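Only one structure is covered here, and it is reproduced in the block below.
In this document, chain identifiers A, B, C, D and E correspond to the written order of the chains, with residue numbering beginning at 1 in each.
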Amino acid sequence: MTMLWTEATAISAQPARLIIEQLVCRYGATCVVDHVDLALNPGDHVALIGGNGSGKSTVLRAIMGFHPISSGTLVLDQQTIHPRTKRANQYRHIAWMPQRQTLGHFPLRVRELLERSGNVRLAIQAAAHLAVDQLMDRPMQTLSGGQIQRIFLARAIGSLGAGAGLLLADEPTAALDFAGQTVVADVLASLPVTMLVVTHDRAVVARCQRVLEMAGGSLRELAV
Amino acid sequence: QPNTTAPSATTTSAPSGATQPLKIVASTSWVGAFAKAAGATDITIIAPSSVQHPPDYDPKPSDLQAVADADYVLYAGFEGFAPRLQEAVGGSAERLLTVQTENSPAVIKAEVLRLSDLFGTRPHAEAFLTRFDAEYTRLSQDVRTAIGAQTPIVVSQAFVVPWVGFAGLEPAGVYGPAPLTPEELATLTKAQPRFIFENVHMGGGQPIAEATTATVINLINFPDADLDLLAVFQKNADTLKSALGTTP
Amino acid sequence: MNSVEFIDLLRLLPVQRAIIALIVAGSAFPIIGVWIMGLNILPVRFAMMHVALFGIALGLLLGIEPTLIALLVCGASGASLAPLAHRPAGLAGPMGIVMTMAIASALLLLSQTGINANGAFELLWGSILATRQSDLIVLVVVSIGILGVYGWQRRDIALLLYDREIALCSGIAVDRLTMGLLIIIALSIAAAVRLTGALLVDAITILPAIAARNLGQSLGSMIAWAMAIGVVGNLVGFCLTLMFNQPPGPMLVITVGCITILSYLRKEPV
Amino acid sequence: MNSVEFIDLLRLLPVQRAIIALIVAGSAFPIIGVWIMGLNILPVRFAMMHVALFGIALGLLLGIEPTLIALLVCGASGASLAPLAHRPAGLAGPMGIVMTMAIASALLLLSQTGINANGAFELLWGSILATRQSDLIVLVVVSIGILGVYGWQRRDIALLLYDREIALCSGIAVDRLTMGLLIIIALSIAAAVRLTGALLVDAITILPAIAARNLGQSLGSMIAWAMAIGVVGNLVGFCLTLMFNQPPGPMLVITVGCITILSYLRKEPV
Amino acid sequence: MTMLWTEATAISAQPARLIIEQLVCRYGATCVVDHVDLALNPGDHVALIGGNGSGKSTVLRAIMGFHPISSGTLVLDQQTIHPRTKRANQYRHIAWMPQRQTLGHFPLRVRELLERSGNVRLAIQAAAHLAVDQLMDRPMQTLSGGQIQRIFLARAIGSLGAGAGLLLADEPTAALDFAGQTVVADVLASLPVTMLVVTHDRAVVARCQRVLEMAGGSLRELAV
């Protein structure tokens, strides 16, 4: 179970370069991301740690365009990410694993989620490696916490298989059982893409080349 | 503009036209009563008199059958189902007629004669109108007598204005069918009416009654299932007599 | 009613057309119904009738073809909801605003201009028994359009109704798709009210979709259930209409409504 | 209209009563509106009007006081929703069923029995300008009742609307509370339609609540916003009614509706 | 931060005894809890571990009455828990920390949640110890994942302070930062009540006296 994931080689994407400059995000008057600079080189695996409520998820959601940017710039592979325009197009360049695996408002089968991931074949292979391929015909609403998390990882891998060069993962091992924590940490480590992973899991941190710590909206790089 | 000769559909489907009475479909009992007064005998009413909003009426299969079999389909103009049913069953569009419904002698006379020309029942219509004139004069006189010398101030719902004339009065104001606005309420209140001629089918005059302590007189326009137009006059005459007659 | 009369009724052209209309619309409109459930805008039929009334009043006032204006206003009101779909409270509130504001504006306009309200209402009237040839053709075209859009966009729609953010990060143009769905819903509902009658629209859209929400486990299976209930329920209801000589609208709603209520016996929907 | 006429209008007893009614009901009914938002049953006003119509038809048929039967049927239909509240699809579907089935049943009953529907519709009719002394008293009593129930149960209601399971494990009798709220909503809406007119009910319940959903961050603050908008918006609307000589119902809806639309300018509601 | 929580002594509850016999829970035809027996003695701290999807949350939800019981009996302090009747009353005897911290359907302030926990004073003290007392006036919907989890623990402690003798916690440390994981594990260890905690966190397991493992719907006790 803890071996590297061999299908990862099927991921054809060019690892992306992400440059964030002076990013500021607010909720109303409170500034939760405070002039953050961050540069991810192609292929970097970067862990983003920090106390609860320090603004980690907000940074990721801002990159995805789910949270409005008050000021600052985001540049992905030389292209500035415009928070408003051509969004649908840009999402194809970023694979996403949310922190809160929504149960959704309406029934959706696991298969339907993976089919729309970009690369179904790879997503289903990933699901098999994560031991959730028997759930393909189940509605998302009936999965256990850990099962949802595995499916969302499989979905993100499907996006990478369709050419996304950057993976943003928000606490990807939070709901996993002991074995799953190791498997997922290994799978993440084996992905040949640029990765920014928010985590409170020491095993995941240990497998990253760089560690950033967030505190009170500011970011600093830790010596590893 | 209506054709005085019966449409071909009738003549072909009923070659013995003289013996077979024309089949009339009427949208409401009010329209039906006009047809009956004009001399029609085989009348089918679609929307029963209990339907408040003829525009909302949802026809039954039997209504469809009736329209399919009808020689004429009569309606007042706002009952969407009548032309749509007629069009759905197909056949000559000339079978569809609009009838102006208003319970004033002039309109009744004009419409009843027009219909009777169409049905070929002119003598029947003339006989009815003679009876109607006599009854109208008698009932109207009864009401006027009951009122006496005074001329009470009345306001009226728009669709029952003819009954004000029937009682020998002039309306000091008219409201409806739209809901009252405050200014209408103020104007009509200022007129200090003693009576409100209310349209029982639509309502709307209650605020005036509230503001003035005027008496509400509920008047009808639609006849019952017997399609007796004269009964409408009889009934309203009775209502008016007992309401207006009690004035000190 | 005895069987001879039943057969007689079946010989009437409008009755035959009604049956075709029920099969065609009964298999396409439940799709709209499921979208309506997913977007949480169940009172859309009421809203569109009142928006249409406003449009008719406007058309009468301006002297432009009132049904055209009504359709335009309905489409516009559907589109105007789209930018609010991402809000935490969803579309139920905005739909409520459209519904009440439309009635109020229509009444105000009618009372302002002294247009005969009866005339305005009349243009909204439809009945399955009064379906004309041309109505049937429009209905078939609209139904094919609905089936086509669903077939073409069903995966994206499934994700959109599941979760907007997941749909976004799957590369779906969420705003455009939402607006498209809302416009299609608004226009088809408005057209269907005029073509088949208001209550029938409930019986072929909302009620089958509510039942399907209890029975299906995915968009696809819900739509299959809704279509089955739409066609079968409405045909059964129409037979009852003919047999017992009842107004079709209420009768169809009651038949399909009973099926819908039975669907709540299923214990664990998702 | 000049100021003299405005003052004249204020001297009219029905106008004075209307102002009192707007202040009293405008401060209590928005509470009902917020509950309606929380339970996701926005079309309840439409539903209750049609349920009431069915009840009136039934009463006329049975020869029992129709308004009494109407209130009973409304209360019962509200209560009948409660067991479905825990379903994943919530109460929007069941409310849709009640709404369409009620219209259909009412129309069928009216068409079956040949009851004079005029009487039935008449009993549903109300206008703020036609408020009688007795209506005002009923309205005040109902309003005080609503304020009382809210004051007494507001913590439990806040948790119930937030999440049923959390409410349950906080020791709240969730089923009983849901049923209680639904019955109160059904009865007060039915009564208010009769007392003040249908459109006015929208203006004092739904619209302020939709606005408050955008502005408030908790049940308490939403209710405060809704009450403020209810009272102020309706008084302003009523002044406009008097000044521009419009029918009050549509005018009040439009005034409060505009405030509600403005509330969407707030960027980040919860 | 890692000291024991002294206010725990304010919890007045009598630790409860929970006896589960032959519990069976199904989703439709699938049996996910399969004739499970379990006895918790008063004061026991028991960890429930097991693979994702093995049925742990279902057991906890069945005890809470949130999932229907197909067969079997649940006895809490000599009183049989009837899944249908007098539920509201029984909930007062069990403190609950759900796995999925719902965001709720309607705004609710943190304060309002804690006020209805049973013992506000204690719940607020717990929130202070968990460093989330500054969030009292915030709507629940605006909290970060770890903040919600802390608030839900504070809420559960409020229930214990109001007399609940049993705590059911479903992955109480899943979303917490490094410091939070330790603090919460310590707080849980210090609670003088009976506790059944589902967890994938070795630190939490290590502080329990007994460990049960669930697999494929069945339960077995591990030797510690």
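By our rule, a contact is a pair of C-beta atoms (placed from the backbone, for glycine too) under 8 Å apart; a residue touches a chain by one contact, two chains touch by 3 or more.
Since we're looking at a predicted model, the values are computed, not measured.
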Next on the checklist: Strictly by the touch rule at the top, which chains does chain B share as contacts with chain D?
Outcome noted: C
Item to check | Required steps from chain B to chain E (each step between touching chains, minimum) | outcome: 2
Checklist entry - Of all chains present, which has the mean Cα position farthest from that of chain E? => result B
Checklist entry - How many angstrom between the C-alpha centroids of chain D and chain A? => result 46
Checklist entry - So what's the Cα centroid distance for chain D and chain E, whole Å? => result 40
Item to check | Centre distance in Å when chain A and chain E are each reduced to the mean of their C-alpha atoms | outcome: 29
Checklist entry - What positions in chain C touch 2 or more of the other chains? => result 37, 40, 88, 107, 111, 199, 246-247, 249-250, 270
Checklist outcome for this item: Residues in chain A with touches to at least two other chains are numbered 27, 141-142
Checklist entry - For chain B, which residues are shared contacts with two or more other chains? => result 53, 58, 60, 178-179, 181
Item to check | Interchain contacts, given as pairs of chains that touch | outcome: A-C, A-D, A-E, B-C, B-D, C-D, C-E, D-E
Item to check | chain D partner contacts - residues on chain E that touch it in the complex | outcome: 64-66, 87-89, 91-92, 94, 96, 98, 102, 104-109, 112-113, 115-118, 139-142, 159
Checklist entry - What does chain B use to touch chain D in their complex? => result 48-53, 58, 60, 178-186, 189, 200-201, 203, 206-207, 210-211
Checklist entry - If you look only at chain E, which of its residues touch chain C in the complex? => result 27-28, 141
Checklist outcome for this item: Given the complex, residues on chain C that touch chain D span 37, 40, 42-43, 46, 84, 87-89, 92-97, 99-101, 103-105, 107-108, 111, 199, 202-203, 206-207, 210, 213-214, 246-247, 249-251, 253-254, 257, 260-261, 264, 269-270
Checklist entry - What residues on chain C touch chain B, complex-wise? => result 8-9, 12-15, 17, 107, 110-111, 114, 116-119, 121-127, 129-132, 197, 199, 241-242, 245-250
